[in-house]
Amino acid sequence: GETMQLLTWKGYAPQQLIDKFKAETGITVEVTYSNNEEMIAKLRATRGAGFDLAQPSQDRISSVQKEFGIYQPMDYDRLDAKLFVPSMLAAVKQNTMVDGKSHAAPFCWGTSGLVVNAKAAPEARDYTALLDSAYSGRVSYRLKRPTLIALAFALGDDPFALYGDTKAYTALMDKIGDKLIEAKPLVKNYWTNGDALLQSMRSGEVHVAMAWDNGGWKLHDENPDIDFIAPASGALGWIDTFAIPAKAKNVDAAYKWINFMMRPENAAVFTNMEKYATACEGVNPFLDEAVRANFERSFSQQDIERIRWYPPVPAEIEAIEGRILDKVKASR
Amino acid sequence: MIRSLPRSGAYTALYRIYVGAFFVFLFAPLGVTCLLAFNDSPFPSLPWYGFTLDWFTSAGPERIGILHDAHNLRSIRVSAHTAFWVALLSTTVGTCGAFLFEQEKFPGKEALYLLMLAPLVIPGVILGISILLAANTAGLFIEERLGWDVGLLRPGFWLVVLGQFSFITTFVTLVVSARLKKFDRSLEEAAMNLGANRMQVIRHITLPFLRPAIISSAAVAFLMSFENFNTTLFLVGPQPTLPINLYLQVRDGSTPVINAISLLLIMGTAALALTSLLLSREDR
Amino acid sequence: MRRSHLFWLFLAPVLAWLVLLIVLPHVDLLVMSLRRGNGMGEPEWTLANYATFFAEPIYWNTFLRTCVYSILTTLITLAIGLPVAFFVVKIAAVRLRGMLMILLLLPFWVSELVRVYGWMILLRESGVLNHILVASGLLAKPVEMLYNDATMIMGLVYTCMLFMVVPLVSVMDSLDDSLIEAAHDLGAGPIAIWRTIIIPHAKPGITSGCIVVFMLSLGNYLTPNLIGGKNSLWFTEQIYNQFIASFNWNQGSAFGFLLLALSTIIIRIGLKLTRQTLGEVAR
Amino acid sequence: MDTDLRVDELLKRFGTFTAVDNVSFEVPQGRFFSILGPSGCGKTTLLRMIAGFETPTGGTIAIRGRDMAGIPPNRRPVNLVFQHLALFPMMDVAENVAFGLRRRRERTPDIRRKVAEALERVDLGGFGDKRIDQLSGGQKQRVAIARCLVLEPSVLLLDEPLGALDLKLREQMKVELRALQTKVGTTFVYITHDQSEALVMSDAVAVMNSGRFEQVDTPRNLYDNPATPFVAGFVGDTNILRGRVREADADTALVETQSGLACRCRAGAGVGSGEGALLFVRPEAFIIEPDDTPDLTAITVRVDSVLFDGANSRLLARADDATGTELTIALPQNRRFDHLVPGSRVRVGWHTQAALCFGAKDGD
Amino acid sequence: MDTDLRVDELLKRFGTFTAVDNVSFEVPQGRFFSILGPSGCGKTTLLRMIAGFETPTGGTIAIRGRDMAGIPPNRRPVNLVFQHLALFPMMDVAENVAFGLRRRRERTPDIRRKVAEALERVDLGGFGDKRIDQLSGGQKQRVAIARCLVLEPSVLLLDEPLGALDLKLREQMKVELRALQTKVGTTFVYITHDQSEALVMSDAVAVMNSGRFEQVDTPRNLYDNPATPFVAGFVGDTNILRGRVREADADTALVETQSGLACRCRAGAGVGSGEGALLFVRPEAFIIEPDDTPDLTAITVRVDSVLFDGANSRLLARADDATGTELTIALPQNRRFDHLVPGSRVRVGWHTQAALCFGAKDGD
């Protein structure tokens, strides 16, 4: 029968919903798991073909779209606008605008912050805990750009403000790089994706980690000592989206899937399972109590205001960061 | 020293221990992997919570066993499908190569032979990216000049097949050549002398002689393709092969369903390897 | 000389394979490595990608590290594999031999990924080995055995072992027992026999095993990536990063080409030192 | 009688090396014709040209009167039994024998009948479904021959087919092969470097040397009347003495050997008074302790060693003079000479007719 | 004379199979001792026990009076020349010969001198820096021997060292090997399945069959007075006729063959009146067209074929009676019998002394 190729993050397409979608429409969804970098790389290599729908973060769309043209403009008329939280839809449209056309619709959002085992690390409140020798051998984070940015904020800089100034940004990153190299002996490992980290926190191999909020919440269910903490210098806020690759074959199915996923009862299945907040309007009645409690526990009003939302990433920035990340990884 | 020479007891004992330790080293990771496929725990690690078949048979939603894991099952199918085509293509072309290098004389043969060996010294990752680049260059060129979008020229099933084919064929060529070297050319002459033409000679004499080598190299090609990671990594499109899929899961952490898959994989390869080994023994 | 149709039938697919899938892609790799896009504009010819490599110590440090560790891996694999191959061919009872060979080959037909995964669940801090050691009181608390260079080398040695043992077994197989008996009969002890008879005889097998193992560890991605840990940047990972994380295909191509050049040069040197050719070794 | 095979001025060069050098001969129908020569003399090359695997550099080959130039091996009415037999190991005996018939697309029942007959003819009835590796050396031999005979070739070519067999089996197969040829009546062209095979089996033997035929004759004539020094030395054991011709008439010559011994002998080609000569005397031509008779040459020798080998025993001896020419002398086992031990001195002699000389340059 | 090698009741079993069965013998110093037997009779096993590569199941081996039990091969004062020589291809000729000396850590100048001497002794002076694959078969042979001789072993063991050579070279090496042994004076123990090698070279030959020694004797005695039917049949060509003993006294017997022919002959072991017997007559014992003399047995035969083979020519004939016993008869080349062609009938006879019979069960 008909199939739709979906390029997305692990957990963004629960089997339950895939089955339901198939029952409703007869379309089989085939999922390829990925992350932002690999999603872009893959679509670049296929020149926007091979997949019918991708789910990059909103800040990683415009610059690559400019350079490689891997997405097609989103036809918002084919979306059921009332399913989306209006402010988020507007923000995503705004941030994915290239040549006057927008390329994505919001799916879910969340933050990166600290996941902490309070018993072992009661003092950890900000990203600087990642550099604290008190937690030597028990620290973990991704060796990816969010870590660089988070530490810049924690050390009192505003990296987003320097996006336009390549020189200054390079200097800032060099500084962060040095810090990371200096603190390298403290690191247990650089985790690469969610479950691996959860595993090591669960087993007590790691006490302080920079991670996505849902991870902390998932662990909190199992072990109340572990929880997500919005860092003092501000959690990093991201929105993951739907974007249709330039040469998608089954565009119809892609739109059907978007509308399907954003239906409150379906969005709730996702959120209840993965704990990420959804961009779906009217989901609340379907959510588990515990999921709502998570957010309230971790975010004070002040924390919410302090969330730092990623602006679109300019092209040159990635190369600068890439070099720093390599350097950190290679140092001893 | 060797079987026929007298040797001291201590020497023999130490040697046995060494080889024993070596085999433990060889099998420890596999054994552990298989064992933990049956642990009644959501994580592939000790402690042992009891025996379960959940990671094979459970239908979800909490635990999804391999039999119900659409995502992994699909990648197994993709891998098998890929391996089939790779085995077919590389066995065919490799056999042609063996004939070419063993039985024909032509200018530039030495150079071509060295080129044929090149994939042995090209790291798989490099092979992957260079094929990706070339496909991309060709794809862009065709798209710009002719406006055609050639599916073959972008990451996807067939590019993976071609990528793996490009180095596995070298192995097939070497294996079939080795057998062809042992072929007594006078058998061909004898067949001709009895009235066969060149095509009939190949069909009735040479190919039957090569059959064990062809079968076993096809099996090897199948296995090599099935487990290939390095070259595939860069060429894979919307249909990930099993190793790629497993890699993402191992990297990201996963349930013992990976152990279950590994167990099946180990048993499957063992069966295939044993069959091909027995076949090639029969021929000796 | 007139050529038969069969000749062309054999030549065509082989030529297509080698030209389209080996030669052209590597030419393209070279071309890509010599270009650099300037934003949206036309790409230009440049040596900048290579300059970056040499200007930036992290790159060539990783490069050297990868090379040195690959050589180390090769030597360790040889040291471990040589006695094993000899045992299987010359010492084990003849009837056990087939079984030993199967046992030797089996693990290597299983996906490399599964093997590395096995090591991970065996060695990690919450892993099986730690569990056993702690439970038996040999360790007070678990230690991390993963994510360090020694484990990574061990993993590489494990991954490559087959490719050392198989050529060694076949070369040992071709060593006539009576040569060893003759040497012994003329008064040689084990060490003299190894030095004067076995090693010189096994040289082609050693060379081909070493070449393949060196190649495989140099080009390995999985093992350093999964069990190498935070310090173990491998050059293939750097290539991957250029392609996937930085979207800089030109820089990645330059790295790729350098890796290719390195492996070719080292293998050349190895062959020179042992006075062999690739053609002989492949046989 | 019809001629099955006629070869005319056949020439084969590999580069500048001439492997077969202007060879001409005919083989009448039904004959057992052997080509005998040392290793590397060009026998195989000659045979392969007849079979069509090599293209002659010059000359013609005609089989039953038909010129073979340009006819590929699979169309020639000759079959070849290969040195190592080249039986097809992937087929059983019957399939091997049927191979050629199948290539001719004969009908299956015909094939079955002919194969059975052919196996019967080589005494292998009922062996059809044996695998090749279940046969003994001699049986393989016969399958290889049956495989060719079933095609009823005009000429059967055999390239040292006994070379791979061990000594005892070879002795036996010699006799069987000749008997088989007599029975089937096919023309055989047989090559070998073993003079005993050629002598025992053949109607006629060509002795080949460095690409040329030196003599084509019956076995007995080759042995008794070799036409050239090469044939005299190659066919049968013999002693070769270097010397100079003192006198020569039509039939006989007087040769003085380097050791100063004067010997009257039959004169072969190229013998001229005063010229160098080679003198050939077979070991069995020596008479130990001879009575002095007029046409006898006698010398005294000192025994170096007694090689006891049953009926084949020999004395290694040395002329008891300055040159000490070495001689091999047959030692009859009639116990008359049991007193001969190393160091004994004894007179030996031979008749004029038993010695043969050829002219030779001194350097030869 | 001193005894270099003494073997006593040596026994070797592989599982239930007895490869060497209670073998005892002595070899005095300086002798050339051969062990002759068919393939698989246990020769190699025996030799390997002497060299120390196999452990005897029972019995003792003493070299120069010293018991060898428990002494590893590299400490025994014997050296072994392997069947396929086992020269070290990774070394040149001099290094091969020097190998054993180096293992003894002799001084380099001594080694150089001894190697040169050893090569000189086997006529390979100046070949030191040749590679092994540059040598001919016979030269390799001699290097293998030099490599052992340079160590001055008490006993040199040789395992069919000529087996791999071609016929002509083997003939020549037989003579050379014997000459070499005489020159160096080392005790040689030589095994072979080729009777001619054993007869030509040896001072004494042991004939081995199924793990046992059947006879240990001089070559001539083996040939003329075989002790057992096996030796009679294995050493030298012979005709074997089955029959029954009519009368028997101490030395001679009257045997009636199955074809009904009565023949008086020498009586070997186990001959009893009325019992079955095997009668052995060598081809060269037949006298063609004999004069009737008292101790002659004569029969009429029909010639099947004449195998002309120079000095070695034979008649294949068949007793001209109901059984048609096949006989091989030596055909002297004195032209007296040129009239014999296939189909001729001719009388042949042999003397009582030339025929030998042994008792045999009828089934033998």
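Here are some notes:
Letters A, B, C, D and E mark the chains in the order given here, with residues in each chain numbered from 1 onward.
By our rule, a contact is a pair of C-beta atoms (placed from the backbone, for glycine too) under 8 Å apart; a residue touches a chain by one contact, two chains touch by 3 or more.
Going by UniProt, the chains are B, C = Spermidine/putrescine transport system permease protein; D, E = Spermidine/putrescine transport system ATP-binding protein.
As the structure is a prediction and not an experimental result, all values here were calculated from the model.
Looking at chain A and chain D, the chains that touch each of them are B. Looking at the partners of chain C and chain E together, the chains they share are B. Graph distance from chain B to chain E, where chains that touch are one step apart, equals 1. When each chain is reduced to the average of its Cα atoms, A sits farthest from chain D.
Among the remaining chains, the Cα-based centre furthest from that of chain E is the centre of A.
Between the chains B-C lie more C-beta contact pairs than between any other two chains. Rounded to whole angstrom, the centroid-to-centroid distance between chain A and chain C, based on C-alpha atoms, equals 37 Å. Our note on geometry: chain B versus chain C, Cα centroid distance of 16 Å, whole angstroms.
Note on chain placement: the centre of chain D and the centre of chain E lie 28 Å apart, centres being C-alpha means. Multi-chain contact residues of chain A, defined as those touching 2 or more other chains: 199, 203. Touching of two or more other chains is recorded for residues 124, 126, 181, 184, 243 of chain C. Contact of a single residue of chain E with at least two other chains is seen at positions 52-53, 72-73.
Here the touching chains pair up as A-B, A-C, B-C, B-D, B-E, C-E, D-E.
Across the complex, chain B meets chain D through its residues 184, 186-187, 189-197, 200, 204-205, 208-209, 211. Taken together, the chain A residues at the contact with chain B in this complex read 5, 7, 10, 15-16, 18, 30-34, 42, 45-47, 49-51, 192-199, 202-203, 247. Partner chain A is touched in their complex by these residues of chain C: 39-40, 56, 58-59, 61-62, 124-126, 144, 147, 229-231, 233, 237-238, 241-248.
The touching residues of chain B, when paired with chain E in their complex, are 4-6.
Note for the complex: chain E touches chain B at residues 48, 52-55, 72-73.
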